[in-house]
Amino acid sequence: MDWMDSRIMNAEDLARQVGEAMYPRDRAAQSLGITLEDIRPGYARMRMTVRPDMLNGHALCHGGFLFTLCDTAFAYACNSHNHNTVAAGCSIEYLAPAFEGDVLTAEAREHVLHGRTGIYDVDVTDQHGKRIVAFRGKSHRIKGAVTDPPPDLRKTDQEKP
Amino acid sequence: MDWMDSRIMNAEDLARQVGEAMYPRDRAAQSLGITLEDIRPGYARMRMTVRPDMLNGHALCHGGFLFTLCDTAFAYACNSHNHNTVAAGCSIEYLAPAFEGDVLTAEAREHVLHGRTGIYDVDVTDQHGKRIVAFRGKSHRIKGAVTDPPPDLRKTDQEKP
Amino acid sequence: MDWMDSRIMNAEDLARQVGEAMYPRDRAAQSLGITLEDIRPGYARMRMTVRPDMLNGHALCHGGFLFTLCDTAFAYACNSHNHNTVAAGCSIEYLAPAFEGDVLTAEAREHVLHGRTGIYDVDVTDQHGKRIVAFRGKSHRIKGAVTDPPPDLRKTDQEKP
Amino acid sequence: MDWMDSRIMNAEDLARQVGEAMYPRDRAAQSLGITLEDIRPGYARMRMTVRPDMLNGHALCHGGFLFTLCDTAFAYACNSHNHNTVAAGCSIEYLAPAFEGDVLTAEAREHVLHGRTGIYDVDVTDQHGKRIVAFRGKSHRIKGAVTDPPPDLRKTDQEKP
């Protein structure tokens, strides 16, 4: 049981480490004020406040920024296993508009991970819990790792039966 | 034939007028440096240069900005008939990455307009003609007009058989 | 608490009643041998065995029949509340092929129900639990009910606080 | 110029040959009465008459059969270059219902072909020209050819500069 517990802890730790490696390089997220609230294996939660410069001509949050928030949460969730992973395609359904000052939370969850292909669902709600958009992304694993795990994690990983 | 010619001219003029009404209110497009190159009935062409603050952790243009460019072109094309029209949902397929400094052109074309529902295809190419993304948006016409046509256009419109 | 219990029971009963009303009229499901295994509010589980006449030129189950299985489960799930509801659009991702004789199970789950719009996810697995396709459907509620609830259910419904 | 003309003729001939190789193996298309009307490089046109056993509980053509018609036309179009090609994912938007006896025509057109990835649009109209559905499919080229080109085509192909 010990190795199992430590392995679970490692997956969680590794996901956090991936988030810490990705975020400082992620200029797009930073420029939009998107923050990483939580990251776990196959999961990420991010937050964005709708700024005046994100509004369209109807004074609503432009769909492009709603998409970017989703796409960002999707990226962290699908890279959380520390395999470099890119988006192949995405779709978004608009459910309700978001307004200036709204604090939007995006939760990305792994729906399927099958070989190198993954499907992730992202749901965005506002500060009142209202559903704003539903997003689904398809991911494709490529070569390489997001971050080098520290020696103690690698050691435990090699020891597992 | 005269009324037909003037009606065709009016649709073209009206589309241009819609673009001129939408763009100054479109803070999102302006903040991303997206410019409106052409607008005609059911069609819009827009341009965006990939800036450093649009890059993700892999030094590629973040999918969210590619989407926003498409979504913006889609918005101008589907509103070009001067009926207020909103996006119901969109999907995007990533074909090739875009890099810092790339000049991206998005062309939005009306694929179907059926009652209040429309389908628009947006294709983005870089300065070498390479296809970057393929986007499809579904639109829904709501109440109201984007802009009030000037008296002479309205007059001609009323006169048509 | 009594009315709450009876209301929960009613929603479950009503969903079953909807299934019993829909299935005998559903010639497509019957002709493909699709069976309704379970129906609850916002949920349906259906089964289909891959027949020789469902194969494409590569001796794999034709994507159209995989889609039809998903679309059918989606229809039962989104009508399970006894409001007439139609599909507006769907997308499907193929994860693994299905072969002749495979017994496929499709589970449809309500992801969002927001006003008259719903989003439903359908996942298909084979008899070994392998994921075959992931489907997402968008529904639109129209006028009318699928079935008339029996008098005792209607009475309870009117009585609820 | 001679080799160019013969090469163009060959691409057309090869597409026809692919169609002739695929259709006899395509039990699904045959069982649904789907016929192949035309096939050219990146293009296919197919036809299906809505039969009583294709109706859903509302006496409308079941979405699954509309999808299957689209998916079939998509398959012929994306295999028309004689490279084995499979669907990775598809989306469909329902525009208008189809009824028993309607004669539906599906036209599949290549929208992008970029390396091993293709995007194909399929539009279905009824006998009155009414738009029924809009479909978009993403294809992925795999190993192998659909059919062996006859010796004279192969020879010309080898001779091209």
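Each chain gets a letter, A, B, C and D, in the order it is written, and its residues are counted from 1.
Simple rule for what comes next: a residue touches a chain if its C-beta (ideal position, glycine included) is under 8 Å from a C-beta of that chain, and two chains touch if they have at least 3 such contacts.
Keep in mind that this is a model prediction, so the values were computed, not measured.
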### Query
Through what angle, between 0 and 180°, must chain B be rotated so its C-alpha atoms fit those of chain C, rounded to a multiple of 5?
180
### Message
Taking each chain's centre as the mean of its CA atoms, which one is most distant from chain D?
### Response
A
### Message
If I list every residue number at the interface of chain C and chain D, are over half of them used by both copies, so same, or under half, so different?
### Response
same
### Query
So, what's the distance in Å between the C-alpha centres of chain C and chain B?
37
### Query
Just how far, in Å, is the C-alpha centre of chain C from the one of chain A?
30
### Summary
Residues of chain B that touch two or more other chains sit at 88-89, 91, 93, 138
### Message
Please output the residues of chain D touching chain C within their complex, sorted ascending.
### Response
22, 25-28, 31, 52-58, 62-65, 67-69, 71-72, 75, 86-94
### Query
What does chain B use to touch chain D in their complex?
91, 93, 95-96, 111-112, 114, 117, 119, 121, 123, 131, 134, 136, 138
### Message
Taking the touch rule as given, give the residues of chain C at its contact with chain B in the complex, in rising order.
### Response
88-89, 91, 138
